[in-house]
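One chain, chain A, links the two complexes that follow: it is found with chain B in the first and with chain C in the second.
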Partner chain A sequence: MKKRASEIAARGATGLGPAPFAPRPAPERAEKGAPASVPPRYPLEPAPRALARAREFWGRFRVHYFSLFGLVALAFIGLAVSLGPVLYGIDPFEIVSAPFMEPGGGNPLGTDYVGRDVLAGVLSGGRASLSVGFFAALFTGAIGLSVGSLAGFFGGALDAFLMKVTEFFQVLPTLLFAMVLVTIFGPTLWMETLAIGLASWMSVARLARAEFIKIKELDYVKSAVSAGAAPRRLIFKTILPNALPPILVAAAFDVSFAILLEGSLSFLGLGDPNQMSWGLIIGQNKNYALDAWWTIFFPGFAIFLSVLAVCLVSDGLNHALNPRARKSFS
Partner chain B sequence: MSEPILEIEGLQIGGPEKESLAVDGLSLSIHAGETHALVGESGCGKTMTALAILGLLPRGFRTRGGSIKLLGEEITALPPARLRALRGSVMSMIFQEPMTALNPVLTVGRQISEVIVAKKILPPKEARERAVELMGQVGLPRPATLYRAYPHEFSGGMRQRVALCVALAASPRLIVADEPTTALDATVQAQILELLREIQTRTGAAILLITHNLLAAGFLADSLSVLYVGSLLERGPAAQVLAEPLHPYTQGLLASQPLLEIGAGALLKAPARLQAIAGQVPRYQDKPPGCLFYDRCGVSRAQCARERPPLAPFGASRYAACPYASPTLWRQTHA
Partner chain C sequence: MRAITLVARKLLNAALLLLAVIVLNFILIHMAPGDPATVIAGEMGGASAETMAEIRARYGLDQPLATQIFVYARRVATGDLGRSYFFNQPVKDLILRRVPPTLLLMISALTLAALVGVALGLVGAAWPHGPTAHLITFFSLAGYAAPVFWTGLTLMLAFGRFWPIFPISGMYDVVASRHGLSLALDVLRHLALPCLTLTLLNAAQFSRLARASLLENLSMDYIRAARAKGLSEFQVLCGHALKNALLPVVTMAGLQFGPLLAGAVVVETVFGWPGLGRLVFDSVLRRDYPVLLGILFFSALLVVAANLITDALYHKIDPRTRRLF
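Moving on to the complex of A and B:
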């Protein structure tokens, strides 16, 4: 190192102006003047609270009015189905008046073909539809993420095997597969959830795999490897957080898909018969659709509105979760 | 002489095609506090060498011969877990592209302190302090504030400083810097090189500098190897090699540089016309039978096409793989 000082001096003194890489006095560094033995100590600023991060996320979410609308609609539906049945107080399976009573009058949304209250049905039915939708999407995400991340990260034979399994599931018609599972294992709410999850995890798996394959080739992963990171750390700390936003968005969209699937199963009479659900109401009244529109319109609209709300919210998530959209540090 | 930090002997790296070697017979050694530069055009096996040292060769590539010794430990055939333990703590790497070398979803400070914690050097809280300290040492302003910042809020130069912190976090003895300044603009390049040297002075780490920027090599390196299609064409003390290149290839590389000012007192004027080396680097899969540089060389004779000249000593400390290697030609044209 010593010889360099003279070399540089010589280079600087060649008279050709400043040498390209000749050291210039660095004022900042000179002021700091940190001797090698006594490193400077900097006080650490307090960690940003989770609240601040949540606020930032919210700030990016709320600028999308449609997503905001979706969130409001979802909150409204959630409140209605959780508190509604209690407040309304009418058993959805109880025959309360004559069949096919028009909306208004004693029954706000009319009665169905046996004289059950449609509003009570819509309010109670939402519980099954929404909870199955939510938990099925959770299940979908869990399977899809595990399969996809393992396949994408390790590649090779494991990847080939897992992708073959995924393709095997993918060629099964979704609804038919769910129907078969529910028929075999019994029509309970949990079975419906599992069946929907098992029938629809493939797209998340493929997405997760693609993200992992893409990200594991990036420099920051290589840099983590060169800093000595083990596979587990790479998967969970380095790659997963970067792969998560699109997967979360896909999983949120899956909620709406699961709501639709649950509706289809119930419509076909394969849902839990002891559990009121939107699909069940529509399925039971389908023959009278032209005479008593309200029997299928209101549960149908409830499905439409929840699916729309979930889609809009997941769209908003997409915007808010993109790390590159984060505003600059100040 | 003390034991070198890194010692490579006759390293051979083979690709998926069995016969051809991407790196063939590379030898070098770096002692503590020294910098060795590996220069050459793209596709000459520089990065392959770096990846081989860290045990990170891409799929299909592996070391087929020779040895790489890190602090005396043979590392070409180590189990993955042992290699992982060495990475970060004994050797680390700086990548070319600072824009992508940092994890976008973690704060920069976290990326530095994580290495310290993972290597069990310090508990989390002290690791944070140490990271802030490192950030201060590499010249990042307001390190305590920037600790919480995300990489996308940083400029290229600042990111490269952070990447340096990550590489330095566990005080490695060997830093492999793969084109650390190529993606940066000129003034930032100078700052980063200066910083690298400052760090080296402070930590006594050995640096393997991979670059095609001869000025950077001249600034930082003590010794220098010129690599061409995986083989060494010239090796020697950096100042001497750059002042009086022996091999026609090294001479060609220098002549194609826009500005030259190398070595104490030995000043080279910028040539009126830059002289590019004609032709292209052959792929390592189709190496010519004779001298690798034969078809692009200005002084080659018929004999060069037949047999490949070995790396031969030239004076006290220099080597060149060319029977016609001579500084006289260079002196005539460039002095």
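Moving on to the complex of A and C:
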């Protein structure tokens, strides 16, 4: 019995490596005369740990069927958008047939008000919508994390100032602010991305600040402080790794928000006119919605499905990264 | 006394925020590519040399930047948001004329969304597991994920073509009477679809929040006490838990004002509702910067006002916040 217990301790209950609190074998003493290198008291275990973590993450993620569905849908959309235009081979801007052809026949999803193929538009339109969504969320995360972590870590006057700035940006309605920025600085994909990022980083900043303030007070951080760790080390090595999971979830969720915002911008005619995008197709055909439902329905459904998929995946991330978190869709 | 200082501080904070918006507007005008006077006149190419000279004089564009920003801030503070050279009218008048329809749309949608959301939240909290919960979860997710313009156009298709019971565009019927009750009914009929679109968008978030907040309250001791007293589950839910669970909902309603305004921009564009959103859309097309920046300022004003009202309301309904002062 005793042997079995020690065996479990050595292999870990999961069989993936030593259990966190398993007694470790004492480091071998350096022999006399050997070079005076002190072996690390707590051996670092890079590779197996990372693998175990990834497996644990996947184990928690895959039990949520909705999140799995989201992942599959996202993979499907990603494939369709990246390979679809090449395989389908029709230029989304080219007039291929008479306007308002119904779905079926030569054009699987019909044609729009000038006779362009809707399927080609939906396939290549996703590139702009999804990449703007992704990069805008990246930008959002970068600004939010910098502002939030600085405010939370240093506190005091810097915190007060940065939170005032955050409050200021929250007063501006997101879409309206992004619209003004794009109108003034010109409708390019990069400007759209920047505008969306600049208009929506505030919630990440607040979240990052709250996490930093919470973690700053924990004992292990205090011990690092008393050991003389510099602020930079404290921020990047001590606090950030533990503050990151909820922020990652928020950033993933922000991708969905950015996709919606990009859709609205290009629907309103503020997207890059040389780039097909889902919102653009709907915006250009909106006056004929009553006569040609397919020009509205399919691109809109593409946005709907991508946003839904991103939401579900971010929810799964939440379950897998923050097992004890409350906030969740299901 | 402390209450007065608190109110004063809140007001000062609001004023500072608005001042910052003014500065932002100023920076945006100057950062835009091209001469600020051209930016202000709108890039229509139709502005005469006299108009340009007049703009330069009015905005003090020939003076140093530091002076200009003071001139600009003073003008905005006295209610002068500039002039739309497309409409040849002061921006303030243009905006104020468009405010009532937008507020009507926003407030009716917000009220409906809060009511529907709380009702759904109650149902979700009463049966926290099983198909009802899944259905409500799905509804709130779908409500978030569907782009506003898509929902709007789909509703337009459904109620404009397949089952035409509501008008799909505008705010008035051309032939309808413009007086009294018939006018109100006419506007209400036109309001139905835009309002429904905005409600669908927002009810989802309210239902999620209300359900979470109710479930949290239901696990507290005072609920156990209420159940121990022998109250029916309905009384526990609607009489006890609901009152406390509404606090975050009120906060949310206040915070939703900005996003709601953004939603209104899109919805008004879809349904041709003659409000601020429609004005934004038209100004973007015409590059009418004074109107655009004026609306940015005005919407910030609305949001700040909504936040102040939420604070006051919160103070009123939550006795715990009152004890602090």
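Observations on the structure shown:
To be clear about the criterion, the second predicted complex is superposed on the first by the 271 of 330 C-alpha atoms of A that agree within 3 Å, B and C clash if a C-alpha of one lies under 4 Å from a C-alpha of the other, contacts with A are read in each partner's own complex, and residues count from 1 in each chain.
Simple rule for what comes next: a contact is a pair of C-beta atoms (placed from the backbone, for glycine too) under 8 Å apart; a residue touches a chain by one contact, two chains touch by 3 or more.
Keep in mind it's a predicted model, so treat the numbers as computed, not measured.
Of the two partner chains, chain C is the only one touched by A:267; chain B is not. Of the two partner chains, neither chain B nor chain C is touched by A:89.
Touch criterion met: A:307 reaches chain C, while chain B stays clear of it. Judged by the touch definition given at the top, the superposed model places A:238 against chain B, while chain C stays out of reach. By the touch criterion defined above, A:179 reaches chain C but does not reach chain B.
In the superposition on chain A, A:222 contacts chain B only, with no contact to chain C.
Shared contact residues on chain A (touching chain B in one structure, chain C in the other): 326, 329.
Chain C meets chain A in the complex at residues 17, 20-21, 24, 28, 31-33, 39, 134, 137, 140-142, 144-150, 153-154, 156-157, 160-161, 168, 208, 212, 258-259, 261-263, 265-266, 269-270, 280-281, 284-285, 287, 289, 292-293, 295-296, 299-300, 303-304, 307.
By the touch rule above, chain A contacts chain B in their complex via residues 1, 4, 6-7, 10-11, 14, 16, 19-21, 23, 26, 28-29, 32, 34, 36, 39-45, 47-48, 218-220, 222-230, 233, 237-238, 241-242, 323-324, 326, 328-329. For chain A in complex with chain C, the residues that touch the partner chain are 167-168, 170-177, 179-181, 183-186, 256, 260, 263-264, 267-270, 279, 282-283, 286, 289-290, 293, 296-297, 300-301, 303-304, 307-308, 311-312, 326-327, 329-330. Chain B contributes residues 33, 54, 56, 84-89, 92-93, 95, 97, 100-106, 114-115, 118-119, 128-129, 132-133, 136-137, 139, 141, 143-150, 152-153, 163, 166-167, 169-170, 176, 186, 189-190, 193-194, 197, 200-202, 215-216, 218-219, 239, 259, 261, 263-265, 267 to its touches with chain A in the complex.
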